[in-house]
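The structures come next, written out as structure tokens.
Next come two complexes, and both contain chain A; in the first it sits with chain B, in the second with chain C.
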Partner chain A sequence: MKVRIRFFARFRELLGSEIMEEITKGTSLAELVRIIALRRSREGYDALFDRGGTFHPFVIIMRNGVRLSPPEAEHVQVSEGDDIAIFPPVAGG
Partner chain B sequence: MLSEKERERYRRQILLFGEEGQNRLKDAHVFIAGAGGLGSPVAIYLAVAGVGSLTIVDNDVVELTNLNRQILHRDRDRGRPKVDSAVEKLREINPDITVRGIQTTIQERNIRSLVEDVDGIVDAMDNYPLRYLLNETALSMQIPLFHGAIRGFNGQATTIIPPRTACLRCIFPHPPPVEVFPVVGVTAGYIAMVQANEVIKYIVQCGELLTNRLLLWDGLESRAEEIKVDKNVSCCSCGTGREETGI
Partner chain C sequence: MIAVQTDDVDIGDLIHRAKQPGAGAIVLFDGIVRDDDITEMELEAYEDIAIKKLEQIAERARHLYHLLSVDIIHRTGRLKVGENILVILVSAGHRKGAYEGSRYILETIKAEVPVWKKELRRDGNHWVPGEYPHNTGNIPLNEEL
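Now for the complex of A and B:
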């Protein structure tokens, strides 16, 4: 089963822009992102997750254009063809 | 009514949206929150477009480290209040409009009076607490809010038209960690142009606004992408969360 994960802004610098990932059925969205982040960059992982492995509250998680809260991302299972976007708010002006 | 001089000054854009559109710009009052990286180019382009009244608010003075991106200010302005420096330049750029500078910190006790007769608020702030305050004020007074933010080569922008579109809290319920953000001036310029363009379209009533969409600019990859965003029914600023949190 294949899904697409896109990172934006600072997350893109740390983890890469677009990743096509082959995953097993039943994987949660948060678990998928943890696996990818750990494999790619420790700094990238820390930018996304706290010490307990939970998404930081400010991280924006979108699945097929629909926003998920960090707790929802723990439960939602990814499906074939899903398009996942992960990005931080930027603050400067 | 436009004067002969104004017809001449704005001739190229009157070709685009007619004297009616130009009159709308002339009659408009836009509030720019911040005279920094975003506020400078937004103010310059709204001034040259002929927005009749601009109010620009900032509490800081010009510092050397501002000058890589805050293009209203010059080396000689170091130590001057940013609003004084900004008003001087904007009046030079277009003496046919009214520019007002207010040196103050935007806060809960003054924001409503600052924006009471404006047609739009430009978010050119550098922190989320003040952005959330602008958002709350825009929602309660039903004033459009033109959001922009930058970091490094990255930027984001969206347009909020209360009460019908997603608000800033719907999109960003939690602020990112506070930091001294890295930035290059061109990022501020890019996002500021999106904001100024939105303001002009809103006033002139043309095109399609950047509502319920978040534009994400990646200057390193030269890529602009867009994320669809919806109103969050439980949003603590415009949804059911508002009652729960007592905001």
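Now for the complex of A and C:
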């Protein structure tokens, strides 16, 4: 099963901009991001997760254009073709 | 016109096109790169979502403030001091709706549209923190775009 994960701004600098990842059915969104972040950069992992492996509350998580809370990301299982985006608080304008 | 783009925008042309029947007031907001001892500003967007959010904000503002037209152009890429970052141009029958609608659009963009700014300085680069750092105003949860 293939999904796309995109990181933006500071998270992109630490973890890369776009990753296509092959995953097994039943993987939660949070688990998927933990696996990728750990593999890519310890600093990047620490930017997203606390010591207990939970998303920092300010991290914004989107799945197919819909924002999920960190607790939701722990339970939502990713599906074939999902488009996941992870980014810090917005600062445009 | 709703756009996220690297190119600059012709503000005179936007004003010209906003002068339509029924319009009695046009308000322009032009956010520019401030000279905060920076060399340049780098802007990044989650473009497909940013455009959908801008369209949604424009539509809401049209409805809430009875605007006749709304243009929002948010630039990305590297910008020099004094260059346009965000142009919002609204027209309405009267000044009250135009002023309030413009302000509503600006503040909602700052809270909800996925764009980030990085200040490039001689002594290092620095991501500008969002004004809503702890889930208070950033992108509503579970909202279908």
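Basically, the second predicted complex is superposed on the first by the 89 of 93 C-alpha atoms of A that agree within 3 Å, B and C clash if a C-alpha of one lies under 4 Å from a C-alpha of the other, contacts with A are read in each partner's own complex, and residues count from 1 in each chain.
The rule is simple: a residue touches a chain if its C-beta (ideal position, glycine included) is under 8 Å from a C-beta of that chain, and two chains touch if they have at least 3 such contacts.
Quick caveat, the model's predicted, so the values are computed rather than measured.
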Joint occupancy of chain A by chain B and chain C, clash or fit: clash
Chain B versus chain C as contact partner of A:Pro88, first or second or both or neither: both
Which of chain B and chain C A:Met20 touches, first, second, both or neither: neither
First (chain B), second (chain C), both or neither touched by A:Leu68: second
Chain B versus chain C as contact partner of A:Pro57, first or second or both or neither: both
Colliding stretch - chain B into chain C, listed as 98-106, 134-142 or 206-214: 206-214
Overlap of chain C and chain B interfaces on chain A (superposed complexes): 8-10, 12, 57-58, 60, 62, 65-67, 85, 87-93
Contact footprint of chain C on chain A as seen in their complex: 6, 8-10, 12, 57-58, 60, 62, 65-69, 85, 87-93
For the chain A and chain B complex, residues of the former touching the latter: 8-10, 12-13, 17, 57-58, 60, 62, 65-67, 85, 87-93
Complex interface listing, chain B residues touching chain A: 34, 36-39, 123-128, 148-152, 154-156, 171-179, 181, 183, 188, 216, 218, 220-221, 225, 227-230, 232
Contact set on chain C toward chain A in their complex: 31, 43-46, 48-50, 52, 74, 85-86, 106, 109-118, 127-135, 138-145
